[in-house]
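Okay, handing you the structure first.
All chains are identified by letter, namely A, B, C, D and E, in their written order; residue positions are counted from 1 within each chain.
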Amino acid sequence: MHTFPYLVVLLCIPLFGAGLVGLVGLRAPQAARVLALAATALELVFAVALLVAFKTHVGTFQFESTHTWMAPLGISFSLGVDGISLFLVLLTALIVPIVILGTSVGEKATGYLAWLLLLQGASVASFVSLDLMLFFFAFELTLVPSYFLIVKYGHERRAYAATKFFVMTFLGSAFLLVGILVLAFQHQNQTGVLTFSLAALQHTTLSSGLAVWLSLAFLVAFGVKAPIFPLHTWSPTTYREAPEGGSMVLSAILAKLGTYGILRFNLTLFPHASKTLAPLVLTLAAIGVLYGAITASGQHDMKRLIAYSSLAQVGFIILGTFSFSPQGLTGAVTMMVNHGIITAAFFMLIGWIAQRRGSFDTAVLKGLQGPVPVLAGVFTVTMLASIGLPGLNGFVGEFLVLIGTFTTHRWWAVVATTGVVVAAMYLLWNYQQVFHGKADAETETMHDLTTKERLTIAPLLALIVLLGVYPKFMLDRIEPSVHRELAGITAAAPATAIQTHHVTFTSPVGGAR
Amino acid sequence: MNAYLPVFILMIVGILFAGLSFVASGLLAPRKKPTAAKLAPYECGIVPEREPPQRFPVRFYLVAMIFIVFDIEIVFMYPFAVVFRQLALFGFLEVAAFSVVLFAALLYLVSNGALSWGPAVILTRGMPSRTSESTITRISATKSTDGQAA
Amino acid sequence: MSIPLSWFIILATLLFGIGAFGVLVRRNVLVMFMCVELMLNAANLALVAFARSLNDVGGETTVFFVLVVAAAEVVVGLGIVVAIFRRRHSAVADELSEMGG
Amino acid sequence: MTSLLATVAIPDLLVFLLGALLCLVGAVSILTVKNPVHAALSLVMTLFGIAVLFIELQADFLAAVQIIVYAGAIVVLFLFVIMFLGVDREEDLAVEPIVGQRPLAAVLITALMASIVALGLVGHFEVGPATQTGMLHGGAGNVADLGRSVFTTYLFAFEATAGLLIIAVVGAVVLARRNNPDDHVAESQVEELA
Amino acid sequence: MNHLALPTVSYAALAPILFLLLGGVALMVLSALSRRPLAAGTVTGYSVLIGFGALISALAEYGHVNGAGPSSTVASAIAVDGFSAAIAVTVSVVVILASLLSHGYLRRMQIDAPAYHVLALTSASGAIIMAAANDLVVLFLGLEILSIALYVLAALNRRSAKSEEAALKYFILGGFSSAIFLFGIAFTYGATGSTNLQVITRTLGEGVAAKPGLLLAGLGLLLVGFFFKVAAVPFHLWTPDVYEGAPTPVTGFMAAAAKVGGFAALLRVLLTAMPQLSTNWTPVVYSVAVATLIGGAVLMVVQRDAKRMLAYSSINHAGFLLVGIVAATSAGISADLFYLFTYSVTALATFGIVTMLAGPRDDDAGIDRLSGLARRHPAIGAAMAILLLAQAGVPFTTGFIAKFSVIEAVVGHGSIPLAIIAMASAAVAVFAYLRLVATLYRTEDIATVDLGYDDSLTDGPAAFAIGLSVVVTIFFGIFPAALLDFGRTAVAHLLP
């Protein structure tokens, strides 16, 4: 079929854009900024075009394109997009231009822009790659730009934060690589073909023990990135120390790499192991929800607060993913997108507040409502969305996740619901702390959002409302893919214990049954 | 082993000779131990303020090189000489190649003045080895280029 | 019958060990070189002993090449020592001449 | 001892003991003497002892070569350099020890030697199949054997040694130059001295 | 008595070695005969030509082997197989790049160019001899040719006392390890009755070798000698000092040629001569690999001197190469071949850039010299960044493919823990590399030390070589198929 190679284009624009910006920036930083905006705008255009061309109600991968690449290593260059990855690609394409518009890191911004574009390219690549090694390439590639974004443009303790983030994530992906390789060799032993293509590896028969081990290896990698509860320790520091733009990208896009990876690879490749591990993961997710919510309520620093609240949100996403129910999965996907939009808005607003008032500290910030009503209004809407107020986009995902989880794993759903309540409490409390009350002299002098800023935040706000009132638009495209996923999970034959001739594994969770 | 009887006898004789000469020197040499002043190099009565630059010119070192190189070559020549009839032309060519390389090495050494004897250049010009000027110039040179001279 | 192989090997090992010890603990570079030579000779001894008990010429031939290697090593090593010494020497001379004016 | 006398011919035993004694005394004194000149002389002693052992092993030619090359050339070069540098004064050229303390070294080395000997004993010092490279005659006859193997089996090695000699010569010349190229006056010094 | 089996010599197979060796001799004669010293440019051009000659003949040998299959020549002292041809190709590339990179340096430092190139060419030939050696004696001689020439080269920077100190340290520990190696040869010879690798492996195969006693002693000593040469922890103590003290281009050459030669010989001895003993040597290599991976990476992080840091990074790379040996499969060998080639290129170029930054005395490569380099010289800074990222193993560079294929091999061999340890060490190392890259792009507090290198940054040949290496690094990082196949075909024609 000769369709327009949307995905390849979506990959190339930011990558070449990054190089171009880097070169131009040496001479003319201003031109670089314009160029970067142009590139991201073009990216967004093509992403929307992709959305338009995307066939609704089709569950399978679309726009698939496979080229041989590194044949000796069995790595192929195969791309494809389905309802799950579609909106994540859109999210990526949307957030980055807004980041470029809405944040600034002073004069020497060339590197900042180039790294952002590279990051965008890598993220899109990992969302649309159907070859595990290609995914791994992209997954790794996101590390480098993120590291430099943090370490060069972050706040005081940026070096520490960047190191922590980098080392933890890389160690996680070490397990991922080994896991992928083991899986590939299993497949090779059974079929004699060395390949990393998702479609092929899907049909590898694994002894239940081995499957559990592999799925754990994958979980560690993605869990660090997401982050899931015990592996989250890097995230508050990093979100806090990263530049606002960095935090936006990290929380809105990179975190989704983790959740997406779990949804796409763990569930597809190790359905049974995922079922075996479900109790464990669900528990961790529920703990994450509560822990995030409670810790958040103790924060005085707004960025850390958002960091912990998104830990809770990610907990929800994982909950939905491992509920193995259509609503749950759909909710998870929806929530990835919505959470991306909401946190991006949060971090940008906080950045603007800090610009004006020079602090992230809720103890310092008081009574902003008076001097900056518009900002306060926008913040209110975002916050309500994040709480999950019906009619705003936050609601849809949370609701679906809770329904889905409740049908299959009741008690975890109950725990999570309490998490929602706590979340509502701390956000409202924090809100009234910051925006109500008596503004001090310095706060009085703050000026409200400029037109440029209003235009920058407008799209996010619009989406918050639109996706809240008309979620069907998304759900129609997501559900078919979700159903396909679930069909694959349920259809998969019961695990048969295969003893491979050189490696023998035993399950950590009593898997060998 | 009998073949080596003469060797042993020679060895013993040599040891005896060495021992005797030590004893003799002990008997004949003056008893007094030389003082530090006696051991110091004689510079017109002035106390030497620095030791002489070198004991030998380094060129002797190159001569030693030549010696070693040819020593090795000889070591290989001997067994070759024993069997060269069997090795015939082939063996001859091998050794020829080897010797050519060695000759090249010799050439290099000679071109680097390993064998250029005779009175040294500057002495014939009759210039003293180190005058205050030379020292000053040298120090300034070293200062300008290689910061700390120590 | 002649001396058993094991005696030679044990002796060679002893010499080798003494040489290695010297390399590790002596501070005088020249003595260190000598200890390396000692180790090489220990290897030679072992080679010849093996050659004899194997009644095989290979070991003795190897000793030849070891000799050449040893010669080359010594030449270069002593060359390095000479270079270092002359640098230090000149340094010393400079200081003294500074003092002397 | 009696068993030894039973198995080993007396002259052999004597020659071996003589050689071993020379070797060990020389080796130990290399370790212990302070003055490098003495160390070099004790090295000569060891080499001589090894030559004696070569004779005991009927490798006469190698014994001769051992004396000629080692005692005759290499040690002479050592002594030459010692004199040349005037390091017969103790520890003039001391550099920091490459590896740390003596006890550690002693333990390591002892362990090494012990394990080697132990392995040898485990295998009863058995050797592999005999005469794979070529026949080896005893005494004066083995020069021919050497010749044959050097110029056939080990031909490549023989030619490769030429490369080694090249390196040695070039290296010696390069290293013997004056140190600091900026030190022009000193250059003339060397000219004058040589 | 008059019939003596004279060895047959296939000069085509020896061509790469002969090119380098005789090229060196010829250059020596030229410099001896010429009235005034040869111009640096002439000499550089000459040795680049020699390198090309070696490269072409090596490729020819490779092609010939692919047709005719592996064989041996000069009384089976030299193996004529894909492996040695591939290594010969690598070494020739190293020679070409190294001579280009050293050109400007030799002029600036007033180093006797002919001597330098004679030594470099000869020692490169030593590396090829090591790889092609089918006889322990030949291997030993190759090792010595390589090492002794490097001792001299390390002492060539006459403006810094560090250089000679480094040479001395290198020489002593090198001689020490050579002696150990030789002792190992002696025992192996005693236990198997021959120094010829094929005879040895046949003897081991037929089980007519001596009881494991002497054999294991020999194997152990050989391994120790090798570990010294390839700077594996805990035998690496000489590496940082030597790398730091030696003239920077020599350090680059050392890092490339010595590693290639050492690992080639190690691979050949362990995997073609002593596969039967793998149960004995695998645990040793395994544990040393672990130590090397971790030690290299961890110590790398704490370095404040670029050359020392790169020294430890080379140790970490050695760890990865050892991992490839643990996976004693053809996949492992070909992975190591790929790794050796790509590592040599990137390491050489990296040191080439450090050479450009070396001051007038080349005795200080502190990291602060690199600080903000990319601000002042974007092109060089970018090249350095790319090369460092390649060494770090970032995707779309040869470094990633190399690490990946090694890991793939070892996972295929089934030792998962080693793979995980390797990746973890890579994680630590990557952090160090990234920190250095960040230093390159630092805007604030750009180095205040006097960097007297602005003339050296306009060093044509070096710049060309670095650019070439960067292109190679990226191109084969994105399209590695050809190079990987090259390695596999080479291993397919390995002399048994």
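Here, a contact is a pair of C-beta atoms (placed from the backbone, for glycine too) under 8 Å apart; a residue touches a chain by one contact, two chains touch by 3 or more.
Keep in mind that this is a model prediction, so the values were computed, not measured.
Asks: Chains still linked by touching once chain E is gone?
Replies: Leave chain E aside; others group as A | B, C, D.
Asks: Tell me which chains count as touching both chain B and chain E.
Replies: Joint contacts, listed by label: C, D.
Asks: By mean C-alpha position, what chain is farthest away from chain C?
Replies: A
Asks: Going by the average position of its CA atoms, which chain sits the greatest distance from chain B?
Replies: Measuring from the centre of chain B, the most distant chain centre belongs to A.
Asks: Can you tell me which chain pair comes out on top for contact count?
Replies: Maximum number of inter-chain contact pairs occurs for C-D.
Asks: Of all the chains shown, whose C-alpha centre falls nearest the centre of every protein C-alpha atom combined?
Replies: Chain E is the most central one.
Asks: Report the inter-chain centroid distance for chain B and chain C in whole angstrom, where each centroid is the mean of the CA atoms.
Replies: 19
Asks: If you average the CA atoms of chain D and of chain E, how many Å lie between those two points?
Replies: Chain centres of chain D and chain E, defined by C-alpha means, are spaced 29 Å apart.
Asks: Based only on mean CA positions, could you tell me how far chain A sits from chain B in angstrom?
Replies: Computed value for the inter-centroid distance: 76 Å.
Asks: Return the distance between the CA-based centres of chain C and chain D, expressed in whole Å.
Replies: 5
Asks: Which residues belonging to chain E are in contact with no fewer than two other chains?
Replies: 4, 6, 25, 28, 137, 141, 144, 148, 151-152, 155, 158-159, 165, 168, 172, 187, 190, 193-195
Asks: Which chain B residues sit where two or more other chains touch them?
Replies: Correct list: 51, 53-54, 58, 61, 65, 68, 71-72, 75-76, 83, 86-87, 91, 101, 104-105, 108, 112, 130, 138, 142, 145-146.
Asks: Of all residues in chain C, which are in touch with two or more distinct other chains?
Replies: Residues 9, 16, 19-20, 23, 29, 33, 49-50, 53-54, 56, 58, 61-62, 64-65, 67-69, 71-72, 75-76, 78-84, 86-87 of chain C touch two or more partner chains.
Asks: Judged by the touch rule stated earlier, which pairs of chains are there in contact?
Replies: A-E, B-C, B-D, B-E, C-D, C-E, D-E
Asks: Within their complex, state which residues of chain B touch chain E.
Replies: Answer in residue numbers: 83, 85-88, 90-91, 101, 104-105, 107-108, 110-112, 145-147.
Asks: How about chain D: which of its residues touch chain E in the complex?
Replies: It is residues 95, 98-99, 115-116, 119-133, 148, 152-157, 160-164, 166-168, 170-171, 173-175, 177-182 of chain D that touch chain E.
Asks: List the residues on chain B that touch chain C in their complex, please.
Replies: It is residues 49-51, 53-54, 58, 61, 65, 68, 71-72, 75-76, 130, 132, 135, 138-139, 142, 149-150 of chain B that touch chain C.
Asks: Touching residues of chain D toward chain C in the complex: what are they?
Replies: Those in contact with chain C are residues 7-9, 12-13, 16, 20, 23-24, 27-28, 30-31, 36, 39-40, 43, 46-47, 50, 53-54, 56-59, 62, 65-66, 69-70, 73-74, 77-78, 81-82, 84-85, 87, 90-91, 93-99, 102, 105-106, 108-110, 112-113, 116-117, 120-121, 125, 127-136, 142, 145-146, 148-150, 153-154, 157-158, 161, 164-165, 167-169, 171-172, 174-176, 178-180, 183, 186.
Asks: For the complex, give me every residue of chain E touching chain C.
Replies: 137, 140-141, 144, 148, 151-152, 155, 158, 161, 164-165, 167-168, 171-172, 175-176, 178-180, 182-183, 185-187, 189-190, 193-195
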